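The block underneath contains the structure these notes are about, expressed in structure tokens.
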Amino acid sequence: MNELMPEQFMFLSAALFIIGMVGVLTRRNVLVIFMCVELMLASVNIAFVGFAWEFSQMTGQIFALFVIAIAAAEAVIGLGIIMALTRQRDTVDINEVRELRQ
Amino acid sequence: MDANLLSSYIFAVIVLNVLLGLMAYMTYIERKVMAAMQDRIGPNRTGPVGLLQPIADGLKLLVKEDIIPKHADRRIFLLAPLLSFVLAPVAAAVIPFGDSITVFGHEVNLYVADINVAVLYFLAIGSMGVFGIILGGYASANRYSLLGGLRAAAQVISYEIILGLSLIGVIILSGSLSLVEIVNQQSETLTIGPLQLPNWFILSQPLAFIIFLIAAVAETNRAPFDLPEAETELIGGFHTEYSGFRFSFFFLAEYISMIVISLFAATIFLGGTDGPIQDGVWWLALKACIFLFFYIWLRTTVPRFRYDQLMGLAWKVLLPLVLINILLTGFIRLWGLGML
Amino acid sequence: MDSLPILSLMTYSPLVGALIILFWVNAPANAVRWIALIAASVSLVFSLIMLAMFDRSDSGMQLQETFRWLPDVGIEYYLGVDGISVPLVILTTMLVVIAILASWDAIQHRVREYMIVMLLLATGMIGVFVSLNLFLFYIFWEVVLIPMALMIGIWGSANRIYAAVKFFLYTLAGSLLMLVAIVATYQSYFEQTGERTLSVLQLSQGDYGTNFQMWVFLAFFFAFAIKIPLWPFHTWLPDAHVEAPTAGSVLLAGVLLKMGGYGLMRFNLPMFPDAAEAFAPLIIVLSVIAIIYGALVALVQTDLKKLIAYSSVSHMGFVTLGIFAFNAQGMYGAMIVMISHGLVTGALFLLVGVVYHRAHTRAIEKFGGLATNMPIYASFFGLFMFASLGLPGLSGFVGEFLAILAAFREYPIAGIISMAVVVLSAWYMMWMFQRVVWQRAPGEPPDHDDPELKLAGSEAPPKVAGGSGDHHHEDVDPRTLSDVNAKEILTLVPLALLTIWIGVHPGPFMELMQPALEALLEPFGGSGF
Amino acid sequence: MAAEVLIFNLLSAVAIVSAVAMITMRNPVHSAIALVLTFVNVAAIFIMLRAEFLAAVQIIVYTGAVLVLILFVLMLVNPDDLPEFHSGKPMQNVFGFGVGLILLAEISVAILTRTVVAEPGPWNEEGVAAAGGNIQVIGQLLYSGYVLPIQATALVLLAATIGALFLGRPDEDQEPSPKRRTVATISLAHTRGADDDLIPALRAANIKREAGDRDLIMARDADEFTTSAEEEEKKGQSE
Amino acid sequence: MSSWLFLIPLLPLAAAVINFILGRWFLQHASQWLATLAVAGSFILSIPVFLEIVSDEQAISQHLYTWIPAGDFDIPVTLFVDQLTATMLLVVTGVGLLVHIYSIGYMHGDPGIYRFFSYLPLFVFSMLMLVMANNFLVLFVFWEAVGLCSFLLIGFWYRRRSAASAAKKAFIVNRVGDFGFGIGILLIFVTYGTIEYAGVFDMVGDASQTTITVIALLLFTGAIGKSAQLPLFVWLPDAMEGPTPVSALIHAATMVTAGIFVLARAYPVVSQSADAMMVISIVGIATAFVAATIAVTQYDIKKVVAYSTVSQLGFMAFAIGTGAWIAAIFHLVTHAFFKGLLFLGAGSVIHGMHEEQDMRKMGGLKKYMPITYWTFLIGAAANAGIIPLAGFWSKDEIILGTWLYDHTVIMVIAFITAFFTSLYMFRAVFMTFHGEERFNPDEVHPHESPRIMTIPLIVLAVFAATIGFIGFPPEDGWFHHFLINAFPGLTLPDVAWSTIFIFAGISTLIALSGLFIQYMAYVKKSISPAGIAGLLGPLYKLAANRWYLDEIYDVLIVRPLVAFSMFLWRFVDAQVIDGTVNGVATLVTYTSQQWRKAQTGLIANYVFAIALGAIIIIGAFMIFGSNLFQ
């Protein structure tokens, strides 16, 4: 293994993604879930950037940039919602917030 | 490991040590200057005119008891000061201290790294620096500390934006994110009629410079924006529970970031190593000292802001101003390029 | 396109009015009304100019306007009129003006929004009749739907939300089926010719497989059958009519129902002639059921508007009856029934609106003897009642007789059964007329010269409608209602004149349609010409 | 170059380990710190993959802003309210890990059996250097071919800003919930002890504080906590 | 003359429209003169037309415009006058004019007079157009239009519930007939491809015998409605709610005879079908008989006359059925005069009695209103068939026709009916004008009607007495020779004078016996009508209650239909269709409710679903989409 193989970043990306997903599945704290989502986004970015590297393209990087921008927006809104949630409900337990079920 | 890399490492060690030494005497100078301003004498017992005071302080801190509060989040409590301390000098890696010189037949660059995203790198490290404060505040299990941490988080994020945006103007004009490139551009001479001026960006970006200065003070949590510490309100804020050597890490980090940001400001706006005669690192040092003096001066003269005033200043005054600055610069740039 | 884009001008002048009202935020109510009226009148004038420019001998599309829009997928801005759409367009523009006049005093609440909705509706309705690209057509079709639902839902009477939702869902269900059908046709045509187009004229040239035709025909048919409405898709109509404001009912009956018939003639027949012929017997059966059913149910209604609504079901049955008989008389009949129904039922709704505006009730038993204090009203009511029940010499007869004749030629039984409606329509209409316009107000004692008084000795006088006991104080005494005012007369007179004109001399109207109908019938053998 | 591979593997390993740590730590703050580590490593990997700009952005935005905000919020939330890791639904964990493993297996198979279909583009190391560097290339591409997406992104960010402001505004028309215990300001941590009743916000919320309560007070304005004489008078009259 | 033809109907139409629009505010009572003048104009114009027809023996026509140009269904509006039409023209305009004049007096002071004098000319217009139509559809149009006028005029006093109901009933029952008539027209068009008389009559033989029969019967259905034949005659007695002049003009002289006219008009078709003729004659004689029996039991003077009209229309119908075409038309003409006279006379009585119509509250009016008495008597005698008044000649000829064309049973019933005719006619005369005065003299002051009413009475009486002579001698009169041209192929039978005398004798005898019986009953009081009624028991009740036809319709048709409609509305519409629609909605809601349970509100579950979906999709792709496992 003398050179960086494309499979490496792919595995990394996949692993981080799965870890993030498992985190979303198993955690109850909405903030942790939120972090897991960020992790998943980052893992996708790895894949984007990695493919850009592999194929000498720029598109992947640009899309990663967009992903970051949107992730920032999502973070702002998400945290705003969590703040509102804690103010209203005094909880960050995702299992206690089930209004959609009604 | 090739020679270039090695020389970079060596230079980095030098810079780090210089910074630490400078930092120590920075505290001394600060106390002296403040004393002068407050019509006092300042440290004068330890060594001649108190010159050994910093060393004595250091020793004192090293030997003091390391207290960890019972309810503290131990691991983070230990991690936080380290984080702060480590991250502060790292930013200095991109600051060019001059052109390359030849040492033992090797050409050694007077900077640790010339990376093409230097400005961003600086900002990135700066934004990371706040983690130490937040985590320290959190881990202390102290209400005042937590408040300090929270304040730091909100403050740093807000002023980070201002800081970054104030640099955009410079970046637009220089067309590069590399500090070396920016310094090189500033060493050119600008001729306006009879006047011959250095092409320092303070001249083309005065507004950005002022905003940068304010934001830098806030970013380093220095007075009058030292809300996270705010002795009178928070009894020291995030480092209330820290003592001894761990406290010194925070202390060191604060002063190192001051120095680094001063160097950075000097590099970006004041031409770095460029000077009227014989460019060199001394010019940079001189300029940085001016900034450092400015910091001390501010501390002694301006009272602390209220927290909402602080945030209001960032979002309601500086942000619009800096956006206007970017807009104007952009137009000027386009005009200059003949694209309008 | 070297001449004036008359169709676009006509279609969008109401929209312009709506925009003006929209952006004049604090417009006084009267200004809003005037703007709406002017916008609608401009549209009417343009439609008359269109009529003048129309070449009656040409069977093709005229005054075409084409703009490339999304040429890659065959979407273009394509307007045009032929003999089928011209009368309907003029009917629409005229009814919109009348509707705005009718809403002048009746609507006092949210006038701005009302007029915006009304004008938007106008644009949508005109657009439906002039657009020749299916995409454009679909847009206009849906544009009609929403303002109408709003109009019912906001300015309607007590149960308006239910009615609006029902109307919306029924129609939307049909529309969605139609959308599917449009896409299917588009795709099929593309597969045949490799050309992506949504132009009706081009799609009509396509040769679709029989099986395909069946399904797509049905999808289109459902959309239009709901709109017409054909039995058993009619139950939205009574509710919508009853709850809608007067002008809403007028436009609903006058124009919206016509969109169904128009759609059948414009799309189903030319595009899927085989399926049309295959389904014709079934549709004829449904039509006959609708005709008789509507008439029977109208018979037992106690609400004026509901009665007229069910009579609409009955009348509109003749449209499908005529169309699917596939002969000249049927086509003429369907067209004239549509026009006539628009005029007559529109006028009847206006008339109901007149008393509703005064008495705030539509219950038949609350009225009586209106002829005494409202003679002009009674005259108009009588006229339109007779037109509605198909009295020869008025517009209703011509269309219905032709439709029945057409049906009789192809399906004698259907013709005979639908002929029975002459009895039923007379029955329900006259019964209503008798109770509302004639006789005496509920609780009013008999006149001094009434023979009923003289029967006192031999037998008890027949109970007068309503009886004196159940005369509620909150009800407005029908004897105090004032006769129609000048504005109301203004809305009714054009309808009356046209009703009589079509009844007495339908020739010009039929000549207008003839080339187009002849062309339409060509794939079906064109019998009857 | 073996060193490159080595560094990459090292970074990957740290990233994965810290990511696993992130999802297994009980304390969310610890999780956040683990995530910081992951992100830093990711940024480093970006640099290795010749995406310097993205690396910087990754640090600035993710680490410097998003995570700081997350930490901020974490600290605002009463730690007593923080739920434990194990949610009390063991099946959730089992299924979660199971699904994760299966998906990982599938993706691994996909990665291992993949066939390269794309042609290499112009932006290899030399190409980027010739164009002036990573940032210059991204900048040029972004503002030539991706103008519309970037505008759209700007719009999304604007919307997010407005949304955040909206979400963060104090509920004016809402009856304060009696359950709400944390009314506080970052600014005014001095609680006035027995003077609680003088703080209108607390009084409005009908909150009686007890000694052990954490009072993190978020206030728009410190003036909210000081009542003028006129207002007091007005209150007195109305009562 | 043909170019002026259009003026005949146009004048009344113009008067009607002007009166209707301007009458309420501008013309008021002036409208009566306008209307009368217009009808007078029509009458005057009709005379030269008639004379031209008489002299030229040629039909004339005037094309006005094309009404419906629907492909091969091309309907012109063409005025067409032949012998039949010309006769009708004179009758319509003549009687119409007299009724108009009479109405001026009768309607004096009524606030709605402008309406009356708008509807009445409108009726004259419609009737003229009806008879002048040259095709079946235009005929049908005005067939309906006269129905409209009938509706409007019956409901003239719309505030009376009974009047309003009667108007509605008249129209609807007529429409039942129109239903058949309309189908008949459709069938004619489908069979012959045209509905113009000339075209159809030329091609009659082209169609099958069944078709012809069906067409004839369908046309007769229309006639049943319009000419009040069994079983649809129920509307006509109720129609007496209208002002009496209306009854005279519309429900006696003209409109109700339109059915007969149509049958005569369609002679080439009807005469081709023996079966249809048979049906017509049976219906006709049944109508004549039933109506006559009812008439005997009625007390309302107008009702008596009305049932008499129904009976006489039955006479005309079976005359046509038996083949006595000209006799039928002859009777139509004479009937128009004497029945118009009777109605106007009755109206005069009612007018003089202050709107009293019940004969039980009259009596002895002879001395108060002599002119009315004498004219009424002439009319009654004419109706009863007293020689030599008009009714005698025509009715006698009809009965003669049954004999000539071998319808013996019908002849017998016709004689019986004639006896009843005489009975009810003279019963009316005696009850009204003779005997004691049964009214309250304090309240009612009977008086003779004004001259404007009596003059038409006198004129009509003259005609009623003499008009019969245009058909003298029977089957060979001037009228027969004139009219025979309208019935191509019809030959006047050669009747022996002896036969004529025998029939005349029997007729006269029957009529006089009726007169005698009623004289004994109501003047001499030697026979008790109540006793006879009691003797007949159920039969009397049957007749007095109009054979329960209204009740039968109510129970068998109206109520079930209304109930069925209610069922359709309340059940089919509200339950089945809306139920289906709502059921679909409920189903959707229910399904959604079930599916909603999948929405646990737990984000973990959603993510789990997403992950599972990803697994499945990727897995599916791997298995089916890639060559991994191949």
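Going by the order they are written in, the chains are A, B, C, D and E; count residues from 1 in each one.
In this text, a contact is a pair of C-beta atoms (placed from the backbone, for glycine too) under 8 Å apart; a residue touches a chain by one contact, two chains touch by 3 or more.
A quick note: this is a predicted structure, and the numbers were derived from the prediction, not measured.
Fewest steps needed to get from chain C to chain D, stepping only to touching chains, is 2. Annotation of chain D and chain E: jointly contacted by A, touch as defined at the top.
Ranked by C-beta contact pairs, the top interface belongs to chains A-D. In this assembly, B is the chain whose CA centroid lies farthest from the centroid of chain E. Relative to the centroid of every protein C-alpha atom shown, the closest chain centre, again from C-alpha atoms, is found for C.
Centroids built from CA atoms put chain D at 25 Å from chain B.
One finds 35 Å separating the Cα centroids of chain C and chain E.
Note: centroid distance chain A to chain E, computed from Cα atoms, is 89 Å.
Chain A and chain C have centres, each the mean of its CA atoms, that are 57 Å apart.
Counting partner chains per residue, chain D shows two or more touched chains at residues 53, 57, 65, 69, 76, 87, 92, 95-96, 99-100, 103, 107, 134.
None of the residues of chain B touches two or more other chains.
For chain E, the set of residues that touch two or more other chains comprises 604, 608, 611.
Chains touching one another, given as pairs, are A-D, A-E, B-D, C-E, D-E. Chain E meets chain C in the complex at residues 20, 24, 65-73, 137, 140-142, 144-145, 148, 151-152, 155, 157-162, 164-165, 167-168, 171-172, 175-176, 178-179, 182-183, 186-187, 189-190, 241, 355-358, 561-562, 564-566, 568-569, 572-573, 577-578, 581, 585.
On chain D, the positions that touch chain B within their shared complex are 27, 29-30, 33, 36, 40, 43, 52-53, 55-57, 59-60, 63-65, 68-69, 71-72, 75-76, 133-135, 185-187, 189-190, 214, 216, 219-222. Touching chain A in their complex are the following residues of chain D: 1-2, 4-5, 8-9, 12, 15-16, 19-20, 22-23, 28, 31-32, 35, 38-39, 42, 45-46, 48-51, 53-54, 57-58, 61-62, 65-67, 69-70, 73-74, 76-78, 81-85, 87, 92-93, 95-97, 99-101, 103-104, 107-108, 111-112, 118-124, 127, 134, 137-138, 141-142, 146, 149-150, 153, 156-157, 159-161, 163-164, 166-168, 171, 177, 179-182.
For chain D in complex with chain E, the touching residues are 87, 92, 95-96, 99-100, 102-103, 106-107, 109-110, 113. Partner chain A is touched in their complex by these residues of chain E: 596, 599-604, 607-608, 611.
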